[in-house]
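Here's a structure for you.
Going by the order they are written in, the chains are A, B, C, D and E; count residues from 1 in each one.
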Amino acid sequence: MSAAHGAALIVFSLGLCAGLAVCAPGRGTATAPERTPYLGGYAPETHAWSRFHVRYYGMALLFLAFDMEMVFMYPWAVVFAEEGMIAFVEMLMFIVILLLGILYAWRERALAWA
Amino acid sequence: MTLPALLVVSAALFGIGVYGALSQQSFVMIMMGLELMINGAILAAGAFWAFSSGGEPKGQMLVVVFMTVMAVEAAIGFALVINIYRVRKADITEKLKKLKT
Amino acid sequence: MTEPLDALFWLSSTVAVFSAWRVFRADSMVRAAYWLMGSFVGVAGILVLVGAEFLGLVLILMMAGEMTIMAVFMVMFMMNPAGLNPMNMVHQHRTSLLAGVLSFVGLGAIALLASFPQAPPPDPAAATSDLGHELLGGSMLVFQTAGVALLSTMIGSIALAAQRGRYGSAAEGSEEPGAPIDEEDA
Amino acid sequence: MGLTAFARLAAKAPAPVFVARGANARSLAFELSGTGDVVLTQTPRHACVLLATGAFPDSMVPALRQIHDQMSHPRGVVLAGAHFRGHGPRGVFSDPVVVTPEGDVHDAVVVLHRDLILGRRPSAPPLLPDRDPTPWRGVGPYGQGGKGMTGGTPYGRPLAGLADDRDGLKLDALELRLGPFLPMFPPGLTLTIKLQGDVVQQARVGDNPFRTDERVSVGARSSVFVRALSGPVTIRELEHARAAHHLERVGEALRAAGLGALGERADRLAANIERVEAAAVRRLHRLLRRSRTLAWATSGVGRLEPDRVAGRGLGLVARACGLPEDLRTQDGAYNELGFSPLVEGGGDACARWRLRLAEVAQSLLLASAAGTRTTGGTGSVESPWGSISSDHAPVGSLLELLPGMLEGSDWGDVITTIVSLDLDLEEAART
Amino acid sequence: MTTPLPLWLAPAVVASVLAPAVYLTWVLDRWVGARVAGRRTSLGQTLASPLAEAAQLMLQSSPRAERPDRVTWLLAPASLSGLAVVAVATVPLGPMLHIADAPGGIVLFGAAIALVMVAVFLHGWSANSLFPLMGGYRFIALALSFEMPLALVLIAAALPAESLRFSDIVQSQVDVWNVVRQPLGLPLYLIATLGASFWGPLAFPDAPDLAGGTTAESSGAALLVWTAARYALLVALCAVGAAVFLGGWLGPGLPGPIWLAFKTAGLVATVVVIGHHVARVRLEDFVVVAWTVLIPLALVDVFLSGLLVL
């Protein structure tokens, strides 16, 4: 493990702890009306937590598959200059295949709000 | 930090995944069990790569393939969940069985 | 340098296993999904420790997105998604517990008893470029197959999820006539 | 000692104010934002001072008390021209600062804020009793609120129920009553909506709180347009009022679009309308016309078809649909000035704010050319809300159209639509 | 190429870099806001305003919302600040001054930005209140759309460097900066920056139409942490942009860190000015544009810069 990851871990924990140290003490007590969620004056009748309809689920599914391309692309970028043209062509093929997926999703209107 | 230690952790993750995949009723929770099993597999592949392959890149490739499998499983799984919920109004496995009769 | 590395390894392992166990013990679906992410982060930490730094980081990168999507889908499709009413949605609990323990014991026994080839640790600095060369050379076919698999995943998942694809409504013809649909039972 | 220095530093911060507006509220925009000592907040949680202005009918008082309690400590209340029917000014809040009609609201807010931060004045105690809204019943085996997974009232509230959806997925719909003190809502508006995800499935406009039996008690409407119904008013005054009104609406639209600073600039122009230079308005106009994202974000949102608005006297909303409906064309004084109505095609929120800005420039031109000409007294007047008369308030028809416009749009579009329509409930209650 | 800084010094360096940067960004934001509003403020007032605002928030109580998810309610703002700090730490400050210059730097940065999505979503989810909840869900849609272009333009910058390490990427720009070599990169990166710090036209989760969105229920110290973390995140994103596209520490005469500070300040100023002038777009429209225009453009950027390397 390179020391950089250790440094990243250390600064993350310190940032997190600093944030917690600032927000954690200031809780105080509050009455029930003081805790009521703000809706412009009236109290909600139900909990806000519910089966929230994610209108962009088509896009989310597309993302799940398309995101994998990143995993292939990072190591590709490192060796690109060494491998030269073959790397270019192979990744172009890979990406064109994936772009077909976006094209399909767009034609099916899967990106719009359901 | 030795190979057996890593493999034991990986076995623990796999075991919890098996338990989850078998015991949960909800489709999405079953998928979580599957992902946990893949998580164990990723760790095992990484461990073998680091300790007994001498840096053979195929070991890393195996991890990448596991990640791809996970993405595919998640995307298709969620799409199926949506479809089943839309068509059968079912969100847990028992309901599906009941409707099949 | 070994001491802190060992400590970090045990820390990561604890995070990975503890979070994995909490996944199936959390009432709130959002928490369950992020416990699972915690388990992946633990594994990513171990990967970074053993020198697969790129794979570890990319695992975190992927899982943050994937588990967030997991969380919102869980919220969508689970009754009582925030676990405000504590619940227990398991079946064949004993069998699954047994299966889980058995697979752990079996795999753990292999891990401890079998002898694996020993090899010097790989050079972390070259790991990423090794993977790149492998991707473009030896495993080129795997790489391109993954592309096709991902394309079919995209098309398949969108075709499955869409309400009204090019072949008509998703519900059409797939509902059995007169099947009793009880929606409110829990 | 350290704490005092810290508090003194904190007292230098701009006072975060949440404004609650009733009927006939004072236009506070300029008074408050002039020096940067005051900042308007989007939610009472961020505020230190609750500023109530206007007349509050009884039906709004519980909500007012609720948002008072939602503010964080330290907190205080400033009343500027606030009336409460059936209560004295001090009957609703425990210890408010009351600003006289001649008094300076800005100063009152700043002083109260400083006193609160420095501890010279105690934070206002909660007004409502500390009681959970729904009695808590732990009946389940784990001590949860009810039987089953979705039943009962866990932690005092039930869970949302399933509802059909246009998408075919039957998921939970949240039924909510929003308003009347949401910053992007016009005073008094409440909406009962059914939300699934962030899309509105069903919307109903709540009762107009200003339409009470004893109309007088809500405060007589002091608008110059209402005055013009019964007696002559100079065109200069009328057009200045129109320009100021439209500028304030543009300011609201800009705030809703996330351009708070530009919104403040529009408010400042509105407050100084009689001294404002046409060039300043033109600069703002040019800036906004050029903004591609503002046009992109508002075009197609809240669209009204011309045949649904024609002939209802909807004024600017009709003109934004391409219908040249304007009472001013029938006025001799306006004809002398060479008035012809401006129109804009599209009928959406984008057309409406563009037309508003164009009409601001037109009104300023008319006002400067009008000299001492007068208008009015004919029983009907072209107001910013359309053609009004003593028995006709066009806002009413907009409120009828509103649910149809909101259903099926996501929350961002809901706000864009509401802000673009200029729904003045007080005006709707006039008839 | 390991860090020349001892590990224990890393937090001190990050803090001493980040604290003034956050303060100055805050001041700049207030100053530009006052200018756009046409309001006159004295320099002293502007310089004091962030400190005074922070002090006021520290004195304000923060009552928790009704039945929140307490752990995540606390953790969300704190983890946003942690992630912002990590993102800043990845940027090399000078040729020999690195804090966390990992060999997979752009992956580490990408992971931090991906976790920002988790933090913002949890901030919205944990309050159990409508407006924060909708804000959290909005951010997921936004993040899933900008993440891909963000990662792709960074990969394009990694091609000539043959490395994922930020310091190598900076070093590869000795002759010509990436902003010239890859003209598509910086504009796409700035759009992603607006998204990742939810700023200006992409300020969806905390928008005024949601009454403050994910912050609608928070106040006091928690709100202070959230606000400061957002500024820190903006600084981090701009610093990475300066390192990747504007040559980082490279520049004649002055020491490297000063150059980096200037370039970062330029990007921060651009974003702040955009924030006060460009209206928020519709989320649904942005999602479609991101997938059909921005991602293909980012891929074009990758392949064009690839051709240039060959």
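Details
Just so it is clear, contacts are C-beta pairs under 8 Å (C-beta built on N, C-alpha and C of every residue); 3 or more make two chains touch, one makes a residue touch a chain.
As the structure is a prediction and not an experimental result, all values here were calculated from the model.
Any chain that touches chain B and also touches chain D is listed here: A, C. More C-beta pairs touch across one of A-E and A-B than the other; that pair is A-E. For chain A, the chain whose average C-alpha position is most distant is D. The most distant chain from chain B is D, comparing centres defined as mean Cα coordinates. For this pair, chain C with chain D, the centres built from the Cα atoms lie 48 Å apart.
Look at where the CA atoms of chain B average out and do the same for chain C: the two points lie 5 Å apart.
Mean C-alpha position of chain D lies 33 Å from that of chain E. The distance from the centre of chain C to the centre of chain E, each centre being the mean of the chain's C-alpha atoms, comes to 28 Å. Each of residues 2, 5, 28, 32, 34, 36, 38-40, 44, 47-54, 57, 60-68, 70-72, 74, 77-80, 82, 87, 102, 105, 113-114 in chain A touches at least two other chains.
The multi-chain contact residues of chain C, meaning those touching 2 or more other chains, are 5, 49, 51, 53-54, 58, 61-62, 65-66, 69, 72-73, 76-79, 82, 84, 124, 128, 131, 133, 135, 146, 150, 153-154, 157-159, 161, 163, 170-171, 183. Within chain E, the positions touching two or more other chains are listed as 58, 60-63, 66-67, 102-104, 107-108, 110, 125, 128, 130-131, 137, 140, 144, 147, 164, 211, 216-217, 220, 284. Per the contact rule defined earlier, chains pair up in contact as A-B, A-C, A-D, A-E, B-C, B-D, C-D, C-E, D-E.
The touching residues of chain D, counted against chain C in their complex, run 140, 142-146, 148-152, 154-155, 159, 162, 167-171. Looking at the complex, you find that chain E touches chain A at residues 2-3, 5, 7, 10-11, 14, 58, 60-67, 74-75, 77-86, 89-90, 98-108, 110, 125, 127-131, 133, 137, 140-141, 144-145, 147-148, 151-152, 155, 158-160, 162-164, 211, 216-217, 220-222, 224-225, 229, 284, 287-288, 291-292, 295-296, 299, 302-303, 306-307, 309-310.
Note for the complex: chain B touches chain C at residues 1, 3-29, 31-33, 35-36, 39, 42-43, 46-55, 57-58, 60-61, 63-65, 67-68, 70-72, 74-76, 78-83, 85-89, 91-94, 99. Interface residues of chain D, counted against chain B in their complex, comprise 168-170. Touching chain A in their complex are the following residues of chain B: 64, 67-68, 71-72, 74-75, 78-79, 82.
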